[in-house]
Amino acid sequence: MPDVSVNGSPARVPAGHTVADLLRAATGSPAPRGVAVALNGTVVRRADWPTTGLSEGDRVEVLTAKQGG
Amino acid sequence: MWQLAGQQLGSRLILGTGGAGSPQALERAIVASGTELVTVALRRIDAGGPGGLLDVIERCGVRVLPNTAGCYTATEAVKLAHLAREAFETGWVKLEVIGDERTLLPDAVELLAATEQLVADGFTVLPYTNDDPVLARRLADAGAAAVMPAGAPIGSGLGITNPHHIRLIRQSVEVPVVLDAGIGTASDAALAMELGCDAVLLASAVTRAADPAGMAEAMRYAVAAGRLAYESGRIPKRFYALASTVDEGRPEL
Amino acid sequence: MWQLAGQQLGSRLILGTGGAGSPQALERAIVASGTELVTVALRRIDAGGPGGLLDVIERCGVRVLPNTAGCYTATEAVKLAHLAREAFETGWVKLEVIGDERTLLPDAVELLAATEQLVADGFTVLPYTNDDPVLARRLADAGAAAVMPAGAPIGSGLGITNPHHIRLIRQSVEVPVVLDAGIGTASDAALAMELGCDAVLLASAVTRAADPAGMAEAMRYAVAAGRLAYESGRIPKRFYALASTVDEGRPEL
Amino acid sequence: MPDVSVNGSPARVPAGHTVADLLRAATGSPAPRGVAVALNGTVVRRADWPTTGLSEGDRVEVLTAKQGG
Amino acid sequence: MWQLAGQQLGSRLILGTGGAGSPQALERAIVASGTELVTVALRRIDAGGPGGLLDVIERCGVRVLPNTAGCYTATEAVKLAHLAREAFETGWVKLEVIGDERTLLPDAVELLAATEQLVADGFTVLPYTNDDPVLARRLADAGAAAVMPAGAPIGSGLGITNPHHIRLIRQSVEVPVVLDAGIGTASDAALAMELGCDAVLLASAVTRAADPAGMAEAMRYAVAAGRLAYESGRIPKRFYALASTVDEGRPEL
Amino acid sequence: MWQLAGQQLGSRLILGTGGAGSPQALERAIVASGTELVTVALRRIDAGGPGGLLDVIERCGVRVLPNTAGCYTATEAVKLAHLAREAFETGWVKLEVIGDERTLLPDAVELLAATEQLVADGFTVLPYTNDDPVLARRLADAGAAAVMPAGAPIGSGLGITNPHHIRLIRQSVEVPVVLDAGIGTASDAALAMELGCDAVLLASAVTRAADPAGMAEAMRYAVAAGRLAYESGRIPKRFYALASTVDEGRPEL
Amino acid sequence: MPDVSVNGSPARVPAGHTVADLLRAATGSPAPRGVAVALNGTVVRRADWPTTGLSEGDRVEVLTAKQGG
Amino acid sequence: MPDVSVNGSPARVPAGHTVADLLRAATGSPAPRGVAVALNGTVVRRADWPTTGLSEGDRVEVLTAKQGG
């Protein structure tokens, strides 16, 4: 049960949890449209979401479109 | 019709989505503006999921141009651009690298560095720049697909504070020039086009107006008016009058 | 829609016909402008008869507004107005009483006297005036159906040299304010409307442009844009920036 | 055969010639559309054209629409 | 040195005395300004007698120019001018005939009528006028010893809202042109002189500044600077740069 | 008195020597300007020796500020600055790194690099910069002793094309701001000071005027006037008038 | 004892009172410097002050220099 | 007799010629006021002028003050 940070907040995820798992929990879909994910500051390609596991101390950013100029 | 990075666009107005009071107001403004391209930011997802902004945009049938608003270094901006490419499946990016939080004007050095990197990474880079003609040329030389000079600070509504520099920029680069930031009202947008800009990008002027949809329509006409005027060869300025009615044939009464 | 002397008009652009290179060019410009009202002068008839100007105007389906161009005294202008009423079967007159041949600016004293006389004679008087708010109010008090201040000398293309006075005029009278003379390009026309004018009257800016029909269309859009902007409540001017993209939710990268 | 001036040029017209006669000679119609007539500086109403005779020394102005700003 | 109505004057600055916080502050401002001519109003005497304003002026060794401030008709202004001649033993008068209390701009018709009357009565008439070149010429034709156009409304500090009209006025009359009203800061006064004005008349800009004596000195220098610049033949404006350092002889490093 | 890099200076005018028609004309202009600091370029020596420019400067008793005019890269400019230090025994340098030969505007990236290097080499660096507030701050952060933004292209005489940016620069840095380049006439120089600049640097406006000594004196007064106005607290701008003569006590006539 | 108006205020003056008398009462001098007098809207020349009497209903304005722009 | 370039023009100087010698020949003084010297693009300090010899192919720049903005 690694401790990670998701969008700046601490979270505990099951061992073996992937990015896709995280997204499913957060949005209902393992590959939501209009979403990007950074793991420790680096983009994780959409294709790699199902296979990218989360480890202790990982910083995950899950981003989507907001109004902007 | 004009071309931006190989894409045909009918409207010369690019609309920023920031500042709108509601998705409904935004949607009405997008429709009224006639735009084909709108900017969006990338921010942390809310509890409820991706939210409806992309739905609004999809309903309007317009393209998405992600920005890197809020970045103060090339490194940050480059990372955010890569994330945007992943999220929106587009290699286009409105590149913002801010140098000062009061003016939100770009940092020339960081902006150029980020442009070079993103061009190397295969992006279509549309940098939000200041009105310096030399920097504009260096951005174009670095491979920017357009240059997007500020007319005045973002959201200030001051219009085009230095029309001379916008003219100089127009002469300094081959790529499209998009007047970005500072527009307050319709005549500002028309002036931008008359100075030779290829398009205008604005957000606050529409989204924060008392009637966003009305102002969006105003901007649609203003951009069309300014472009037509630019192409139609305006009369020269004269110190004295030149009668429009001929004197010949005037009766003796 | 707006009202001028009790008439509903859809277009807020009044087109002067002077300066056009040919009747064909004029006709195309009238059509492209969307105007519903055009000015004409009264001059000695040529050998060949009345000529085709009225035919052009009739084909375009627009109303005629005769002017008194070339008059330097109230007496002359009043006589010419009466002749125009007879020729065109309209009591409307664009009243010009010029005070100086270099600037073609009006003579305040003569203009006011002519206005008083023509109002007494039952005319709908639309005086071409300077940008003096006091004179504007006196003309309105004398019964003018609108006041039509110059933005700059006729045909000069200098635009609106004193926006502050146009604003003051808008506040000084109840009747419509029509910006007449000086417009050079589309942004000038949009600005006139943003200052609160009810309409714009222009001739040279269109008829002497390289492409009169193109510029006529530009002016059509510019006037619409300026009016919409005026009605839509523009954002205030700020010294500093105001971000259009929120900072909240910015990722740590 | 009074001598008159028409639009600044001298002209001789038959005795009894009216404004309408003059207009017919000049334009082909005794009441052309879009035309106004001044006699010695004063407008002659359209209705009075057929009955307004010309006298020696009269200054007649026959005006019509021209392009004007 | 310049001439106004046959009088040699060293200073091209005329100072209005209105708005000063105290006689002491006024006196310091008069001295610091270097003026030789100050305006005064005529008002009902207080219980205590004529008061010290004339003493201040006498100590400063400057001439008095009475005004007709507050008059709205030619009749009133003419009467007040006659009273001023009696009070101050001068035939000079700054003629004000106001047309509107919000803008305090002059009424063209009344101003011209009053000028004609006062010239007939033997006065040296210095009319405060608007920036209409036609009215300026008519005032000069009526015998005004100078014309004094407003740059902007009295006390507004807006500067010269229509430089083009001031230039046109300078070309329209032979008599001196004195920019009167609207000046806010030193560069406004310098600009007035560069436009060809012979002098500047201002009150509020000095008397209501945070430091009246400091601003009076600023205006003294500004008027001198603007006149010298006018006489010294400024460089033309260029769209591009023109190097001030020659390229020839540049080393290869 | 003001301080530049620890030096007390009485005059806030820095004079460029380029463009003068003769050494005599230059000397008269230097004297008339009241400056205490003049710029010079470094160029290949002529057959006849060092020439008389330094003699002129010595006779005038003013300090020398060498420039790096004509350099397009940081490397060149740094080398030239070192040569200038050797030639003139001063560590002060007006740092120019040009980015475009048509506008002679600086290259932001190269200018910042050269500033960093020369500061490290112990120079007192006075960079000629554009009007970008962000670059100004970065130059100051890099150790520049002042920032010297262009009002407009060198020699253009266009004045200050973007007063808003000059104001922003004044707020962005602690070091002195010297308006450098673009000044055409006296009111431009006064405006620069009113915007908060500590000094003005100009060459062509004086040396290429019809009467250089007269224009030099104009600039001397203009800079003094603008500074005094800045310090004296100008009146606010008002939309309407504010009477300078009180209404109270107006007689009934 | 005619009733007059002085600078808009009612006043009663002795019979035979002249403008000069009025000024002496108001300012201490019958011919103060920097002062002008209007009687019923018309200027009274300085030379006529001693001989201009006041009558019932007269409107007198006594004016002097005030700060003005 | 090395061949050098002085201010872009070819020149032949005697063997052992120093910067100071060159300056004396050019200006009459071995250490003229207001002059700087670059040798192959690098500044030569004034103190080093008497001891800096010129070699075949050297590029010398001798610079002084000119009017500049």
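Residue numbering begins at 1 within each chain, and the chains themselves are lettered A, B, C, D, E, F, G and H in the order written.
Just so it is clear, a contact is a pair of C-beta atoms (placed from the backbone, for glycine too) under 8 Å apart; a residue touches a chain by one contact, two chains touch by 3 or more.
What you are looking at is a predicted structure, and each value in this text was computed from that prediction instead of being measured.
Common neighbours of chain C and chain F (chains touching each): B, E. Between chain D and chain E, the least number of touching-chain steps is 2. A centroid comparison over C-alpha atoms places G as the chain most distant from chain B.
For this pair, chain B with chain D, the centres built from the Cα atoms lie 62 Å apart. Inter-chain spacing, taken between the CA centroids of chain B and chain G, is 72 Å. The mean-CA centres of chain C and chain E are about 34 angstrom from one another, to the nearest whole unit.
Taken residue by residue, chain G touches two or more other chains at 7-8, 38, 41, 61, 63, 66-69, whereas all remaining positions touch fewer.
Among the residues of chain C, those in touch with two or more other chains are 16, 18-19, 41-44, 67, 69, 79, 83, 102-103, 105, 154-155, 158, 164, 203-204, 207, 239, 243-246, 249, 251, 253. On the side of chain F, the complex with chain G involves touching residues 243-246, 249, 251-253. Interface residues of chain H facing chain E in the complex, by the touch rule stated above, are 7-8, 38, 41, 59, 61, 63, 66-69. Interface residues of chain H facing chain F in the complex, by the touch rule stated above, are 7-8, 26-28, 32-38, 41-46, 61-69. Chain B contributes residues 16, 18-19, 41-44, 46, 67, 69-70, 76, 79-80, 83, 102-105, 153-158, 184-191, 194, 203-205, 207-212, 214-215, 217-222, 224-229, 231-251, 253 to its touches with chain C in the complex.
Those residues of chain F whose C-beta lies close enough to touch chain H in the complex are 16-20, 26, 39-45, 47, 49-51, 53-54, 57, 64, 66-67, 69, 79, 82-84, 86-88, 154-155, 181, 203-204, 207.
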